[in-house]
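Below: one structure in structure tokens.
Here the chain labels run A, B, C and D in written order, and each chain numbers its own residues starting at 1.
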Amino acid sequence: MAKSEYEYVREQERDDRLPKFNWIVVRINGCDFHRFSKIHGFDRPNDERPLNLMNNCAISVLEQFPDIVFAYGFRHEYSFIWKETTKFYERRESKLLSLSVSFFTSVYVMKWRVFFPEQELVYPPSFDGRVMCFPGPGARLVRDYLSLRQNDCHIFNQKNTCSWMLVNSGRTESEAEEYLEGTQESERNELLFQQFGINYNNLPAMFRKGSSLFRDQEDVTVKLDDGGNPIRRTRKKIKVEHSDLSRKGFWRWHPEILSD
Amino acid sequence: MAKSEYEYVREQERDDRLPKFNWIVVRINGCDFHRFSKIHGFDRPNDERPLNLMNNCAISVLEQFPDIVFAYGFRHEYSFIWKETTKFYERRESKLLSLSVSFFTSVYVMKWRVFFPEQELVYPPSFDGRVMCFPGPGARLVRDYLSLRQNDCHIFNQKNTCSWMLVNSGRTESEAEEYLEGTQESERNELLFQQFGINYNNLPAMFRKGSSLFRDQEDVTVKLDDGGNPIRRTRKKIKVEHSDLSRKGFWRWHPEILSD
Amino acid sequence: MAKSEYEYVREQERDDRLPKFNWIVVRINGCDFHRFSKIHGFDRPNDERPLNLMNNCAISVLEQFPDIVFAYGFRHEYSFIWKETTKFYERRESKLLSLSVSFFTSVYVMKWRVFFPEQELVYPPSFDGRVMCFPGPGARLVRDYLSLRQNDCHIFNQKNTCSWMLVNSGRTESEAEEYLEGTQESERNELLFQQFGINYNNLPAMFRKGSSLFRDQEDVTVKLDDGGNPIRRTRKKIKVEHSDLSRKGFWRWHPEILSD
Amino acid sequence: MAKSEYEYVREQERDDRLPKFNWIVVRINGCDFHRFSKIHGFDRPNDERPLNLMNNCAISVLEQFPDIVFAYGFRHEYSFIWKETTKFYERRESKLLSLSVSFFTSVYVMKWRVFFPEQELVYPPSFDGRVMCFPGPGARLVRDYLSLRQNDCHIFNQKNTCSWMLVNSGRTESEAEEYLEGTQESERNELLFQQFGINYNNLPAMFRKGSSLFRDQEDVTVKLDDGGNPIRRTRKKIKVEHSDLSRKGFWRWHPEILSD
């Protein structure tokens, strides 16, 4: 069995390193989760359990890959922002994509029981993924990308809430959809308030705003000195927030996250 | 919150459809499985349990994605051959890569307990992946690719067997490595036979040849007719073999697998 | 002036080598030749002079780049087929594209006076270009590509001939276009015959079929020996034909041109 | 001749649009100009005629393509900077590359006689080209790229001047090269001064610094009004300078050129 005669096929591998001076975003998305959420009995319109599981997986991803500086997720999608200068696996696209999506999936299955103690996994969930590059200094594009995702979160969640309120009050799914077709954001807010007494803005922020993950510093007491005084140290900790990313507020308080 | 002002970032997505008239190979590989196998107590030099788990996951992948026509794996890697004409997700590279690797990972974690009933998963295993394209008619390149993988399987397994035999008989890992450095294939066969009474060619084919997966037809009795005679039907079934892919034999018996 | 501080920008160059086991086609096309042909007084509907100039440039391209095995052109476009195994500039796309288009342009301008002795070049003509890859054995895709180009040549030329006949007989260009809209190939043949007495199939083949270039062997007398007998040698010569590429005939007589 | 059966090959064209939010650089380079300059009798070490021809071609390129905002050249290479937001041909790489290189070549051949009235073009000159992308706001990468090119100009020209001085005073080319091997910049300056009385910094700036092209505003008198007073208008004009691009000076005076 002469090895050399097959060696030539190795050359079919392409150079897939992503261009430098770009922030890299890996976005994963639950595959056919419409079906998955039905079969596994997710509450509608919103269920904290699967969202907490998603957030928990994302935290593990940030712990696993130090070059991910921020993550944002809602429903069954999550975006991971790799720092502009990362040299992880030479910035090879296939590596960044496959490792992110594989590790996320692995944690999702392993931790399922923690969040769904009563509900067995009926079949293996899977996630697809994609990679985008956002050039440079100032990270304006990355911030705009995140605003876009959060806007999609808002649009989806408001519609979804209306839809399920209508269904829970007796309409079929298609009747609810028909009812909502062409409605404006303000009309849907009105509908929730008038018909169901729901003030949309009072719903939990996690549903309305999605979840943002980032490393934050915290002061911790590591031990007491001989005199019994606390010795404090600064330590990085992954924090979950449900802030408004479209306002400049968040980034003003955390300029270091997307600094070049 | 005006949506339109962020819409422009959507355009950063690239067209990543793979070229037509090419067979597509997705290869996944266990990430840092040197450590993973140690921590989870895999037997050395060979352990059937993790190999059977890998094969089982690969079978699930073939069941999930009908356009995968063949798979070959050994150790902690698996190659999946998508048919030349597949239109799955428009042949988008990121979709094929992420879905394959995510689904494989998901099954791996879910089925772990079946193959390791006594051993908890200590941490989430993950797999990386890559995509290669092999043009054209006759699939000669794909067959040569598979021969290359099988050759790598052979080289690795023979060396690994020698190495662990030496370690099990008292040498340290680095002494074993030193002992084997520069040896030829035939010398290592000799070593196994002389020192340890092992005829390498008698070791289980799964270790030496890896595992090949493909759909095969089988005749099954679906029910009996009124006269008590069996009604038989042909049905596709995924078969696992440990054949020699470098010989033309296998492909001669299964020309339909890689037909255009 | 420290060099090193700028060296990092060199890394922005991407690897643009084209995949192996593919035939490479570079197609060039005259840029805004509608205007160019008007200003330089090309005869309508057909003019041999610019076509002969195009063919002459293409011959120079084949002489310059031995790895181009075939070329096909009509109007102001030309396709150059690089052999499947070419290693010219490591198959780098930008090199193949830029060198082909630059050399072609250079010859076009230099030889203009030979074909248009009475007509000065009013402004610099230019050509755009693109690169396509066609995988594999048998070159079926390349042949189909060439058939497609020849078919486009036929469709264009037949319509164009009708159009200018109508214009030459008194209609405006837009009236002619309107007149032809929605007509079938056979109707246009009929029109040419009935109204203008033209049998389309008797028009020069160069107009109807375009031009094919390839290397052919010819026997030549290189000198006479001492006895006065001719010493003959076989030599490669670039040949121009106006054959039908869609029939299998041409390729049957020249199987060596697109052999792998 | 059914068209449809070949239509499928059209799909082999790839989407080659360059990523947004990047400055695009097309660099062209004379192909084998070592030989070309010898055969066409270029003066050594420096000759203004071919440089003026190069500059003249580059001016034509800027006039032809309004989205090119800056160009820099020396010897037989020229870099063209397309503005970050250009939508020319949808930013398709093959179009930008081929059109730039083809138009440049065309002008080079057409204008040859103007700059070399005594010297016929012996054979068609050609240029290769490549495309690079430089992300983002502030254009720091583009400026560093230009500094790198200018630094290469300096290094080359200083060495080349030494080399030809040595050759002109009796050494062979290889002796001159040997003599210069391993010398530092300052040593070569010393050599020029001591042996040949040349103060390198007094050589023409075009040789030492290369040529920069950009659009500048100038006030022009377009006509006189009825009272005989000049009516002045601001108009863009392409300017050629031989400035130092590595100092911040140039860009401080021309911030608008590379503004986003």
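Everything that follows uses one rule, which is that a residue touches a chain if its C-beta (ideal position, glycine included) is under 8 Å from a C-beta of that chain, and two chains touch if they have at least 3 such contacts.
Quick caveat, the model's predicted, so the values are computed rather than measured.
J.: Look at both sides of the subunit A and subunit B contact and report whether the same residue positions are involved, with over half shared, or different ones.
T.: Shared-number fraction above one half, so same.
J.: Taking each chain's centre as the mean position of its Cα atoms, how many Å separate subunit A from subunit B?
T.: Each chain reduced to its C-alpha mean, subunit A and subunit B end up 31 Å apart.
J.: Taking the mean of the C-alpha atoms as each chain's centre, how many Å separate subunit B from subunit C?
T.: Computed value for the inter-centroid distance: 47 Å.
J.: Identify all positions of subunit A at which a residue touches two or more other chains, and write them in rising order.
T.: 12, 19, 133-134, 141
J.: Graph shape for the chains shown, where an edge means the two chains touch. Line, ring, star, complete, or other?
T.: If you draw each chain as a dot and join those that touch, every dot ends up joined to every other.
J.: In the complex formed with subunit A, which residues of subunit D make contact?
T.: 19, 21-22, 133-138, 140-141
J.: Give every residue of subunit B touching subunit D within the complex, in rising order.
T.: For this pair, the touching residues of subunit B are 11-12, 14-15, 19-20.
J.: Where on subunit D is subunit C touching in the complex?
T.: Result: residues 1, 3, 5-10, 12-13, 28, 31, 60, 94-95, 97-99, 101-110, 121, 124-134, 141, 144-145, 147-148, 151, 154-155, 246 of subunit D touch subunit C.
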